[in-house]
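Below is one structure, written out as structure tokens; comments come after it.
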């Protein structure tokens, strides 16, 4: 089940960067929900290439075609299949990469795993483009959650190691971040960053103590997003430097008599179970490995060292486009938690 | 399946801190393996209370009793059940905590989730003591992996926010760390830290691109360990501050003609699949929430704010005892990867 | 995961009878296999409507379009998605059935389950047409198994309660069976039957003692085929009437020194594990519930009893078309067993 | 996960016939339920050896010891572990069977699967004794269901091929059945039979169209019971001989305006989803393979044919003891269906 996530709502991703298309099957989505398909498209457009600063110039409309699971505009309870066809593919760019794996990419590991049978074009099934299907599923989940007064929010907290200030553009970038991305692009290089995501409105008591906890479920989806190399909840790694008396969040009552905590170092989950406080997590996104600077690699046919220059079209920074994907992952985890027996 | 982890080797944890015992069922462990039970006991002793600096004085022999799945000292292929009986329990310490949830603990969230039916004594099933079962399973996995020349190593990289030097005692602590723990204990407080774990010897090509990748599998187990609030692989969060040209690991050949990378910022997994380099991850462990300093909390019976002083026996620092648990989690994930079809 | 089956090779079915199409996603199929797509089409044609005696005149080419998971004619290890578009749909036939559920169909139960949000046209996702996706997946599995010298065979053993003789046409029917089907069609009625399926060539030692045994895995897929109401292995229900001394299969050696059994009342599985003898099972297929004879039902809008006449196009006997679907289920279960760790 | 069943309530069975004990872990059972432990013991006693006609004289009290998941007599929501210790074991009886596999048993298949590492004593983990754990879990489920007005009933419909009349003793046997069992025992032989089970009170709309349907879920558990070789629902195999106009169940209204069917040939499930009618299924149980009549088998050490006489203690008919196990399986499937999201 390498390409499926979730327990109650199971999302299966399929597709390759340069094949006929990418998409998803969503099994278990509640019946009778009428999504706003314009809002779905708008959400998916945030991930689509060609817009955000640092994005690849490859432009794709990325409009999903619904193949199953909807009738008269409503979900039917049957598996929902969405297909996003690939249009603007240029496979020629990638022909040489079979023998010379790109550093930081899955070219080599996929080659070993599949005995060379993998689709090498544009990363194949390991391409970030496959997250378009995750975004479609996440867009449905976000709308469903909104009807239950659960909101998913996110912001970019760092680009290239520098904290992002409050004054951001619609891509979540401040001036310094845009400058860092531009500088990297000019150098044929790339930068990474950190995305913080918040799930507001989940009631207390969802999740489980051990392996089906809030953190496990979110992490198991989020680590499916290419380029994610770390996840932390609440005070996270910084919290491990605090004393218990500082990191513990005192319980208080809010105005309505509800139990809250004064601070939220626990990030909304205690013992794997929601506390009623916002679920807060941060995701480390590595600098996109596709850079045009020449790099050392090996030629697995000749057995000799060599250098490659990756031509193609690249993102100098994937973080703005990864933001909606992180939100989608959070929404799917939250929906899954809400639907627990 | 909140208390089960794994796909090929499924480990189910059971038990409570103050019930008859804790333990595990291991389903899918390869048949015909003869574990060294003394080595199992020695591994479990690393997690057992009462020894490491900062550990609770609660002493438990923690010797597992095998209830099933072994015959003539060998694994039979049937589910292996181990029971670690609880002996040294003092439930009286916890009687007041039902109505006044401890900050940073799962008392409140479990209460809400179960409608008050949870076992409140010592955290019940959410107690760190439940990881004794995980350690038993991990000990078997470590031995099995060793026979395949896969080794699990770990070290404490930080305590209370300070890096731990190379000169460590058998608990992985240097002088400053021990001092920080002692200071916290004297103050009735606690400290956290970071554990780094390395899996050496896994061949390239294990894992999967999306949701069953190396990172997902490790994270989904590791976040089942109480007090873990963050996981990062390779360069992790720090890597998100680097440029691609720095963070990318150039491929090279080693002396035997094998493909390696010059650096290991990717932490042994590219696209969710092992690269043949060591799998490296770090785990953020929060300061143990059980502190004797008075804390603010709420009385959920009277609806009033109050303060609590947690008497009982506590760990001023759980990190040394958490180390073998992290190793166990890593071993189980590695074994699971090795057994993939 | 209602629409997914399998453990190592997970097949997810999607689609509706009168939506854009039906299909499947196959996750975990071995990489590097080159299927014969003509043979796939020929296999799927056996299930396609319009050919076998008793089949609906709805004609569909049923040619699958591969959306993912193949490259240069080979499987890549990534999820394989196949879409069979619906062309020849006449939804008008079904407009009245929302309020008057057809006896023997899922109209009523789906209506209750989904709160009326299900796609009622032609049974929606519960239509037998959805098994086209299962047949595609099964066709790949059959070819893969053939390369491992595992063969799937089947025959119709009974139609309308009468045993089918050896002299059968290409649809597995003898003269009496064809006559029974014709008679039912003339009466606007339908007949059912029994399909026997044999998996030859599986080595001994596959499967598991309890819930992942040969029988469990086959049954869990076969009961996903609409109209299947019973499954038995080996001597099955008849065997429950025998004495142990008769039903037990004595072990013998074959000419090559291999262990075999003299008889095969156990149907190839002992304790859930293959014995090396052919796996034999029989499937009871109910008479297709779509008949044109007027039937009693209820009007769930008016709350009154009523009668319905189902116009549309129907199969007077689904058994010949169900045969390849049973073979597909057997092949997928066999492949799954072979890929166990 | 060979020893686990269920989706919302996951039951993991462990133990061997001649090891320390057998038992189960139940993960996901609703919190806050107070089972009547005397009723649990009474239910388990129906399966325990030494009482029913045809039962082995091996007597076991079979009282479960609760190791986890209960507190103050209530379920806590944490995994419930029950251990039934083995007391009356005589392993000496089985020493010769490693090299001479018993016909109809799993001795040979387990030997092949595990490379000879399986526990051969009394069938090891494949022994019917392991169903004691299933009965414990089923007993809890039955009580929980009773509180929701869902009842599980069963009867023996055939012994040794003869229908069982209404006049039965407390073991579900009529005079002819007892005579058939006695005759088999005198001959050192055994007989099988058929158990019918009915789940009453499930609301309409539970289950799923394809692989998580009512039939799939029941079958996947029931085929985990040793000796089960067939399962049919409603009219089952006999229904495949009927015409659609006869087998279809007309919908009607009951006195309260609820939708029912006039007959119940569908056995309570249409398209995998409950119809509100009783769920009815029958299970074929083979004659117990342990007979004392000499049988042909092979000596896998010498490679020669031989004969064995199984001494030990055997059931001449397992059917009366299998009845509660079938009920347990039905109850667990029903509970699982009720807890679906």
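Letters A, B, C and D name the chains as they come in the text, with residue numbers starting at 1 for each one.
The working rule: a contact is a pair of C-beta atoms (placed from the backbone, for glycine too) under 8 Å apart; a residue touches a chain by one contact, two chains touch by 3 or more.
It should be emphasised that the depicted structure is a prediction, and the values quoted were computed from it without experimental measurement.
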Contacts common to subunit C and subunit D (chain labels): A, B
Furthest chain, CA centroid comparison against subunit A: D
Pair sharing more residue contacts (C-beta pairs) when B-C is set against B-D: B-D
Intercentroid distance (Cα basis), subunit B paired with subunit A, Å: 26
Between subunit C and subunit B, distance of the C-alpha-averaged centres to the nearest whole Å: 45
Separation of subunit B from subunit D, taking each centre as the mean of its C-alpha atoms, in whole Å: 38
For subunit D, residues that touch 2 or more chains besides their own: 1-4, 13, 28, 78, 110, 113, 125, 209
Interface residues, subunit A side, partner subunit B - complex: 1-5, 7, 13, 101, 103-106, 108-110, 112-113, 123, 125-126, 130, 158, 160-161, 184, 187, 189-194, 204-213, 215-216, 219-221, 223-224, 226, 228-237, 239-245, 247-253, 257, 259, 261-262, 265-267, 269-276, 284-291, 293, 295-298, 300, 303, 305
Sites on subunit B touched by subunit C in the complex: 8, 28, 78, 209, 339-341
List of subunit A residues in touch with subunit C within their complex: 1-4, 10, 12-16, 19-23, 25, 27-28, 31-32, 65-69, 71, 74-81, 83, 110, 113-119, 121, 124-125
